[in-house]
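As written, the chains take the letters A, B, C and D, and residue 1 is the first residue of each chain.
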Amino acid sequence: MRLPDKTTSMEEAVSQIESGATVMLGGFGVPGTPFALIRELLRQGQRDLTIIKNDANETGLGVDHLLAEGRVKRLITTHIGLNPRAIQMMNDGEIEVEFCAQGILAERVRAGGAGLQAIVTDIGLDTELARGKATVDIDGKPAMIETALRADAAFVHAAKADVFGNLGYCATARNFNPMMAMAADLVIAEAETVLPLGGVAPDEVHTPGPFVDHVVELGELSEEYDIVRR
Amino acid sequence: MSGAKERMVARAAREIRPGMVVNLGIGLPTRVVNHLAADFPVCLHTENGLSGIGPTLPAEQADRNLIDAGGAYVSTVPGSAFFDSAASFALVRSGRLDMTMLGAFEVAQNGDLANWKIPGRFSPGAGGGIELAQKARRVLVLSTHTDRQGKPKLVERCSLPLTAAGCVDRIFTDMAVIDVTPEGFALREIADGLAVDDVIKATGAPLILPEGEIPVF
Amino acid sequence: MSGAKERMVARAAREIRPGMVVNLGIGLPTRVVNHLAADFPVCLHTENGLSGIGPTLPAEQADRNLIDAGGAYVSTVPGSAFFDSAASFALVRSGRLDMTMLGAFEVAQNGDLANWKIPGRFSPGAGGGIELAQKARRVLVLSTHTDRQGKPKLVERCSLPLTAAGCVDRIFTDMAVIDVTPEGFALREIADGLAVDDVIKATGAPLILPEGEIPVF
Amino acid sequence: MRLPDKTTSMEEAVSQIESGATVMLGGFGVPGTPFALIRELLRQGQRDLTIIKNDANETGLGVDHLLAEGRVKRLITTHIGLNPRAIQMMNDGEIEVEFCAQGILAERVRAGGAGLQAIVTDIGLDTELARGKATVDIDGKPAMIETALRADAAFVHAAKADVFGNLGYCATARNFNPMMAMAADLVIAEAETVLPLGGVAPDEVHTPGPFVDHVVELGELSEEYDIVRR
């Protein structure tokens, strides 16, 4: 037996996504955001997307391009404070925004990736995020049912990958990527370096290959990946 | 192992398609690995936390930290990954396991599987069997056609506690290859040297026969 | 930063006990780190996935992959660990975060905190604030005593949407150190140069005064 | 700032556990089982324990010692087929046994470690494991509420640790250890090698130090850790 090779061109991998799809995007701010895959989605023209991402990036970066081109119908997120366009579009009703507590977004995505139907949590019980959510009693205390999130596709950014799709992330660029890499029907990983089988040590794999459908090697990184100078 | 059993295992191995992620249960299913070519593109998964299982090793070459779920000392291949038990079953439950091959005490004609408990006699717990049976995309059973007393294992309704309902897709026995269809058990192939009547007699539920000649394995 | 604000931050830093795991929120709380000695045994946590935050770096020394939750380019210390967002909040919710210091729009005398939304004006989402406020073992607020219009931030009841109910333990402002007690706000310390009446006037809820002399910071 | 040192003697760490406690034990078979910590618990004499562990080890190994000495009141587990004594004691009513599906045990422990109240799953709906469990409807389908598990103490076995408690596991000795290292009020890690701060690379940490209370260095490994010759 040998492990299959999943390297694919960016164009081919992204072309499997249709308009109306739900797409998860890794990243917390710049680190871990799959900018190249987002650019390809922009180029191919898919519309009416539901985007699941921690944040909406900043002006001129990542998700902001999709927003500017009117490709996003709905955004499930935790904080969009660094993107004035996202806030404006939300206030003007041009996009629908669902806010989650940050760790609960991580857990809902993970639950989707773990084949669970939901998690039960007391986070946000005292807040308006609790509105409309079913509650159950656990050990005599109320808690909310937060349903699992899955997507048609997930874009993740890895520092390194082997051709089978074992992924390694770097520093705080890990963030939401490992959970999203579990939680979509089509998982596309862009990697700064693609190594042969055996290139990622088995004990150091962050996302095991069986979760990943396509591995895309990045060439030179665009300036979107750079340090943000404020 | 008898010739028919060995041929059953070899036949089951041919169900594995290139690119699949496959979990082979303890017992007969584990032997399927012996029938895969060295360059066949497949990822074997074991639920205790490894994707990319390599050959089983004798004790003197074994790594004390590297076993499969059945306790065999296995090895890695280039591209293997280790992960914890939560991630391992995340993979199973979320649809990333293309196929599992499991043993059985009973399989019912609606696909119900019982393979973990015989009340009053054998109750060690289900381990990972329920999740494998319930969530693998394709569930194959490898089993002798009858138990040691000669009683059919393929039945109209399971009498033992279920592992999962309606989960079995195909059954490989020392006598036949049988599909679970919406209409019940359907005979697909027959072991070399047997007559269809032999299979019918050893099966505890109606058997839908194919039209024309029955392939032999 | 004014002298009183700087003293407030320095005073808040003294709340951190050796061995603690601490999350410092964006804004004033982040500055607390400047008042910790180089050999002080503490683990700073940032919710985007790092335990053991090291000094903030200028752009030319920064690592593009290494930021804190506020977007500052930080560094590691010997013994730092990176983890994903699920693990990061697992740590927060399961009681492993000994303390958090947060900013506030309003704090009510029962400990309710509002710091994430001003309807119609500021609604960027709560980020990780709800979990930090609801689950850190000790929640400290660092804030100016009044807002830019001079309105008290310490109030009888929050008028803004809550971040978490009854979560605040202690408040550090440029005027005072105030505890949230079952009986309401209790003045513990006062900024150098202020009279108790100044604090009472700037506070939107009754203030329990200590017996005897009030420590000055 | 520097990170605190959590190295402790085995005796002192284990002495914080009282009779009647719930104790999680890592391990799947031999790999990852904290045999030395279990021996110390045996030596100290705590009784009426509730043990949470994937399995009951084999005769003469690990949990079997606690069973033989009558220290276990209750066992929450997935499969005890390799320990005839455990099965006998269960059948004779000498210990109470609660069986979980294996991945659901992992998720219940993880949920405890993640500060969630429960998970919601359809695993085992058709089986007797569903008996007595509350169900909810998620998207029109029934699913079970499986409550989170936490323990008074967790014993985990790591290949390496730094003095702050960052842990690295080896191969399939990882198994239940990472989740249990999150899910107890007192987490004690035994490590084959204890390194100074910085000894475990930040991207290669499997269990972050903030989850761990005590790090105990193992001397020469007892033969319980060896290859099992059957």
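Going forward, a contact is a pair of C-beta atoms (placed from the backbone, for glycine too) under 8 Å apart; a residue touches a chain by one contact, two chains touch by 3 or more.
Quantities reported herein were computed from a predicted structural model and do not represent experimental measurements.
Asks: Spell out the chains that contact subunit A while also contacting subunit D.
Replies: Touching subunit A and subunit D alike, sorted by label: B, C.
Asks: Treat each pair of touching chains as one step and give the shortest count from subunit B to subunit C.
Replies: Minimum number of steps from subunit B to subunit C: 2.
Asks: In terms of CA centroid distance, which chain is the most far removed from subunit D?
Replies: Greatest centre separation from subunit D goes to chain C.
Asks: Count the touching C-beta pairs: is A-B or B-D ahead?
Replies: Of the two interfaces, A-B and B-D, more C-beta pairs touch across B-D.
Asks: Just how far, in Å, is the C-alpha centre of subunit D from the one of subunit C?
Replies: 35
Asks: Cα centroid separation between subunit A and subunit C, in whole Å?
Replies: 30
Asks: Do you know which subunit D residues sit against two or more other chains?
Replies: In subunit D, the residues touching two or more other chains are 107, 110, 114-116, 121-122, 169-171, 202-203.
Asks: If you look at subunit B, which of its residues touch at least two other chains?
Replies: Answer for subunit B, listing residues that touch two or more other chains: 50, 82-83, 86, 89-90, 92-93, 135.
Asks: Have a look at which chains touch which and call the overall pattern line, ring, star, complete or other.
Replies: other
Asks: Show me, using the given definition of touch, all chain pairs that touch one another.
Replies: A-B, A-C, A-D, B-D, C-D
Asks: Please name which positions on subunit B make contact with subunit D in the complex.
Replies: Going by the criterion above, the answer is residues 46-50, 59, 62-69, 71, 73, 82-86, 88-90, 92-93, 112, 117, 123-128, 130-131, 134-135, 161-165.
Asks: Which part of subunit A faces subunit C closely enough to touch in the complex?
Replies: 28-32, 54, 77-82, 87, 90-91, 97, 99, 101-107, 110, 121-124, 126-129, 159, 169-179, 206, 225-230
Asks: What does subunit C use to touch subunit D in their complex?
Replies: Against subunit D, subunit C makes touches at 18-19, 21, 33, 36-45, 50-52, 54, 76-83, 86-87, 89-97, 135.
Asks: Under the stated contact criterion, what part of subunit D meets subunit C in this complex?
Replies: Residues 1-5, 110, 112-116, 162-164, 166, 182-183, 185, 196-198, 200, 202-203, 205, 208-211.
Asks: Taking the touch rule as given, give the residues of subunit D at its contact with subunit A in the complex, in rising order.
Replies: It comes out as residues 107, 111, 114-122, 134, 136, 138-139, 141, 143, 145, 147, 168-171, 202-204.
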